[in-house]
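Common to both upcoming complexes is subunit A, partnered first by subunit B, then by subunit C.
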Partner chain A sequence: MSASLERGLNAFREVMDAPIASFFNSCVHCGLCADACLFHTETGDPKYTPIHKLEPLRKLWKREYTVLGKLASLVGLGETVSDVELEEWSPLVYDSCTLCGRCTLVCPVGNDITYMIRKMREGMAAAGHAPAGLVEASRRTIELGSPMGIKLKAFMAQVHGQEEETGIEIPVDKAGTDYLVIMSSMEILGYPEYLGSLARIFRQAGISWTVSSEAFEATNSGIQIGVSDIARQIVSRVVDAAEQLGVKYVISPECGHAFSALRWEGPNLIGRPYKFEVVHVLELLDQLRKDGRLKTEGKTDKALTLHDPCQIVRRGGIVAEPRNLVNMVASDFREMEDPGMYNWCCGGGGGVSAITGAEELRFKVFRIKKRQIEGTGAGTMVTACANCRNVLEEGLEHYKMDTRMIGITELVAEHLKQEDAS
Partner chain B sequence: MADEHSLGELLREQGISRRGFLKFCGAMASLMALPSSMVPAIAAALEKAQRPSVIWLSFQECTGCTESLTRSHSPTLESLILNAISLDYHHTLQAASGEAAEAAREAAMKQFFGKYLLVVDGSIPTKDGGVYSTIAGISNLDMLHEAAKGAAAIVAVGTCAAFGGLPHASPNPTGAVAVSDIIKDKPIINVSGCPPIPVVITGVLAHYLTFGTIPELDDLGRPKSFYGESIHDRCYRRPFYDQGKFAKTFDDEGARNGWCLFELGCKGPTTFNACATTKWNQGTSFPIESGHGCLGCSEPDFWDAGSFYQALSTPITPVGRAAAVAAAAGIVGGAAIAMHNRHTKAAAKTAHQTVTIDDLEKPSGEAK
Partner chain C sequence: MSDMALLLWARGPGLQIALTVFIIGMLLKLFEIFSLGRKKDLSTPRPGKAWSGWKTIFSRSLPDRTLLKRTFPTYLMGYTFHIGFFIALLFFAPHIELFRKTVGLGWPALPTTLVDGVTLLSIVALLLMLGYRLYHPVKRFLSTFDDYASWALTMAPLLSGYLAVHHLLLPYTLMLAIHILSVELLLVFMPFTKLFHTVSLFISRWYNGDALGHKGARL
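Now for the complex of A and B:
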């Protein structure tokens, strides 16, 4: 078996649900979504208007799900969707959409355009029009265990490294603990200090936790490429491991789409509720702060600004928590323009950072982030998503900016009260 | 009194930033379903607009329309727009009273004859020579006739002014009628609702200031941009209606789960207004979001349309056999279309072949 137009169109029919039908029906062609999309604002090219990215799916809806469309197709009229068209649309559905959700937020009739793009990708992938970068990332996840090809040995090496660094033992596969910590590939590879920071915070707060040798990686390229069958397989690894260990909570790492995958899509993918709860690490840290179990001392007087990761803030609703935590350890925190729910995407979410061919466009649209950062005058930017962080670091490098980046967990751990920390 | 200051100058004097002003223009554009390219045009027109004189007459009413306008959004830009028009007469809001107030009205009517905008809230009693409501000894009927003569256009704010409203409800002891029943030779914009949404009132005024024309109206004289779609079509509970999930009482499981309130008498399907999209109290919520069905207050004769808690599908007067047959046929027809769509989706589900990692590429050499 392999990809074909027939399978792609069949997937379009499968995803066509009441929300999508009413969204297409509701669109008033006002064009407000265009100005909400960084790919449109930074290029000025109308083809990047979010709703336009769905045109092939809309055509199929019109032809097969509306009375007029059905009548037209009966007498041989109306538009059909061709393979050439799907190929042409691939850069619009993948390269230039980070699933950031800003268009959904501004739509005056409430159409969830992001939801539709996510669904449309099911058909694009089944028709063989997913970008090679994402196909390869998915292959590595299925065959090796992680989109970046990280195997258990590499993860364990980082675990031991952080144990040495902090002098704290990191429990592996310890059954019956309260919390299971999972990381994202990017953290394992580039920011392992996240794990050490958590170990120090958890020791202070007295939290029982473990990592798993079965599920150490939380990212889910199945969701980014838009193949639910693959996404289900990936999320099941975490669910199986967590339920086997009998943990009460799984902590989603500082990674946006991993949080979406675990918290929102996961139960729908496997078709049942979890036997544990998913919390984002920011939610947990802020709760510890409220309970007085997270104790810090001193504040940095460096000017800090905050980048809001779309999946955590706009799509995930975690807006106040990162601000509470940053304010706890920083005296000069500066919001960028359009902070919180309306913040602009780093440009690499939704799988875009894995698409090699999209790199030039990604740097182009980074200009909006550049303007936002420069507007604050801050020298350090905090964020809570390892993918955002990596994309932002590349952007800063490309534009030769000297902004420093740090993850929130790390920042908080740097200010842990001394007698409790190592 | 109207003066020479433009709206833009006034807003800046009141501390409204350019950004806040443009945001308002953008919101107005989207509310009026205009393309975003119109935002600069709206901004430019509003910026230059000189404060037109507005005379606001309150007749047989409860002051709810004025309350809606003044309270809910104060002190945002919407309320300042009202400062920025020259509101020369409004007996609830003006400081003057008695003869001084009436003198202001007469002076404005004279000075701006043919140019002022007349806003009316409340219905007009006509029985027994209109004695049931008078202001300064003048009956509402006479005052409307007189004020309408020099008006450029009339905005009937609220369901009473637009359709007769509550005073018009059976048995209508005062012979109350709508503005449009009396005035036939002036353009009339009906901004119905009991009360209307504040932003809808200001939206209509902004449209008038921007284009100098009245907006496109529906068959009941209401601006299509605000009253073009039913509450039901824009309701966030609509997916439950589509799935046939209804709350049966106000405290059953369905009600707690936020299911559709149709069977509890919600008039959303036959009511045209912007509540479900613009919402109330600065976009906080609207009645259905608070767990109560729509009363249909922006529609004519909503008070006489049966109980608020009776489902729309139950007839309020006995219907004939033909109607019952037609209704049955309609249900069957609708169900057939829904069945067919469901069938298309189910067939697609059956045809689903699990997508594995090896299915993401086409066999090489396949013709595109």
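Now for the complex of A and C:
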């Protein structure tokens, strides 16, 4: 057995727990999860059935964690996991799973398949079978401190740009403020107006906030590839900066998995609860709305629809907030078919958008999103995740659709009451 | 061995052996699961969702709204079979009589003709499920020996019970013996096949719902 395979199998053993054992025991092969997965519904290929993506992990469980399996292996029977098999499974565990969580929601016996895929990736990465795109992102994280290779200067350039744009000073490393704002890599590179929008909203609401020169990026490729050490390193940067600055809250940006990484996985990665709270920007904005501190005027009469980012909505519980905010500034908000907790993934979550080899498949499965969008007849789509937004924009481009995209924070900021916003 | 001797063996030593294997097997499987433990989640849960695991144990018995329109046959056959099976098991007068004698608990039975019809429906559903498993690309792709063996182990008591009640195919005594033996076979294999889902699904649903509830996600 090769050293890398042994490392992979050890990582499988490391993640094995009572939930996983119970899930494997419970599966009756009904196949319903296939119909919840866009990679199956759009390709019709049974190999994309979510529970099948876990076959190597199941084999190891059967062999080493069940009495019958142990007995069988004693007499040389039972299935083993090979390096070739893990390599074969890489496109199933990475390219064709966005960790969107739909299968977890529909499984009649209650299997949390998404949880298992996330865990299985630890073994796949350890065995050297993570896709190149994600390996590169992780390498950049270690070497440059950023999965997309963003350096402080690039971030500061965007900060200054937004200061000029809005005429508002953006506080950097200001200790003792209430909120620390971090951004997703995609926002820093492609949608810096998120920061300017926040600056305007926060000025109106009278919020004390800062950005950090130590931790400005929330994107966590360690979570996506399944290497907890890297994930911990990235989360720690934010935790250290936030605790040094003494902020009460860290605002998770418009990014799905960054929210999952920071809000749910982070404390488990560093082994302790935080000394601050993590709040998603949508939660904060909706709270400001409720408190009357977010004041808008006028509503756009353009038809808008909403794409729910999986990690924020289905796996983050933030369902009503984006709707409250959109309805505040739009008079013609149209829900897609299967909205909210049932929404279909953009096709690029969970690191998939970083895997170049998966692009063709990603465009193929985008057809379900295309149908959803077209079903609403809306010309503008709002979302709350910069990665979703980028993936959606690519999909729209691929299919030559003229749907316009905008982030919720930006949309709200466009309608801020003038005397406060000017 | 005469039919009567077989019936007596099935009711006596056979049942005892089956129950022993069943109980030890079940405990062993439960130990297999729970001994692995679960790490405590250190992230701050969203408030008011502590009951999510328990709620999911029940709520996941309901069909998923969005899937219903895609996979109606799976749901229809699944519900028909499961409901039929449990009605036959728990509301057939002779079964209740057996429970009363062995564990001292009894409850009112449903009319025999109703149980009879439901059993037949359950048998038909199970037959269709096998056909669907062989026909449906995903189900066929996923299926292993366990799936077909479990199907046979489940079908046997239903079918033999129905035939015994109607005095069909074989002499009543022999068919009744076969019926009881088939139940014993089901008990013996339940912990070691996918039929264990009858117990483990409650554990799985709890873990699933608890994790979702922790995040404040809808169930």
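Just so we're on the same page, the second predicted complex is superposed on the first by the 419 of 422 C-alpha atoms of A that agree within 3 Å, B and C clash if a C-alpha of one lies under 4 Å from a C-alpha of the other, contacts with A are read in each partner's own complex, and residues count from 1 in each chain.
Keep in mind that, in the parts below, contacts are C-beta pairs under 8 Å (C-beta built on N, C-alpha and C of every residue); 3 or more make two chains touch, one makes a residue touch a chain.
All figures in this text were calculated on a predicted structure; none of them were measured in a lab.
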item	value
Partners on subunit A (subunit B, subunit C) - clash or fit	clash
First (subunit B), second (subunit C), both or neither touched by A:65	both
Touching partner for A:4 - first (subunit B), second (subunit C), both, neither	first
Which of subunit B and subunit C A:74 touches, first, second, both or neither	neither
Partner with the higher number of touched subunit A residues, subunit C or subunit B	C
Which of subunit B and subunit C A:13 touches, first, second, both or neither	first
Touched partner set for A:104, first subunit B, second subunit C, both or neither	second
Partner chain in contact with A:22 - subunit B first, subunit C second, else both or neither	both
First (subunit B), second (subunit C), both or neither touched by A:31	both
When the two complexes are fitted on chain A, the stretch of subunit B hitting subunit C, from 7-15, 43-51, 61-69 or 223-231	223-231
Set intersection of subunit A contacts, subunit C complex versus subunit B complex	16-19, 21-22, 26, 28-32, 34-35, 65, 67, 108-110
Subunit A to subunit B touching residues, read off their complex	1-4, 7, 10-11, 13-14, 16-19, 21-22, 26, 28-32, 34-35, 64-65, 67, 83-84, 87, 108-110, 125-126, 128, 130, 135, 138-139, 142-143, 225, 227-230
In the complex with subunit A, residue positions of subunit C that touch it	28-29, 32-39, 41-44, 46, 56-57, 60-61, 64-67, 70-71, 74, 78, 136-144, 147, 192, 194, 196-197, 200-201, 203-209, 211-212, 214-218
Parts of subunit B lying in touch with subunit A, wherever the complex brings them together	26, 29-31, 33-37, 233-234, 236, 238-239, 242-243, 277, 337, 341, 344-345, 347-349, 351-363, 368
Touching residues (chain side subunit A, partner subunit C) in the complex	16-23, 25-32, 34-36, 40-41, 44, 46-47, 49, 51-52, 65-68, 104-112, 115, 263-268, 271-273, 277, 314-319, 338, 340-342
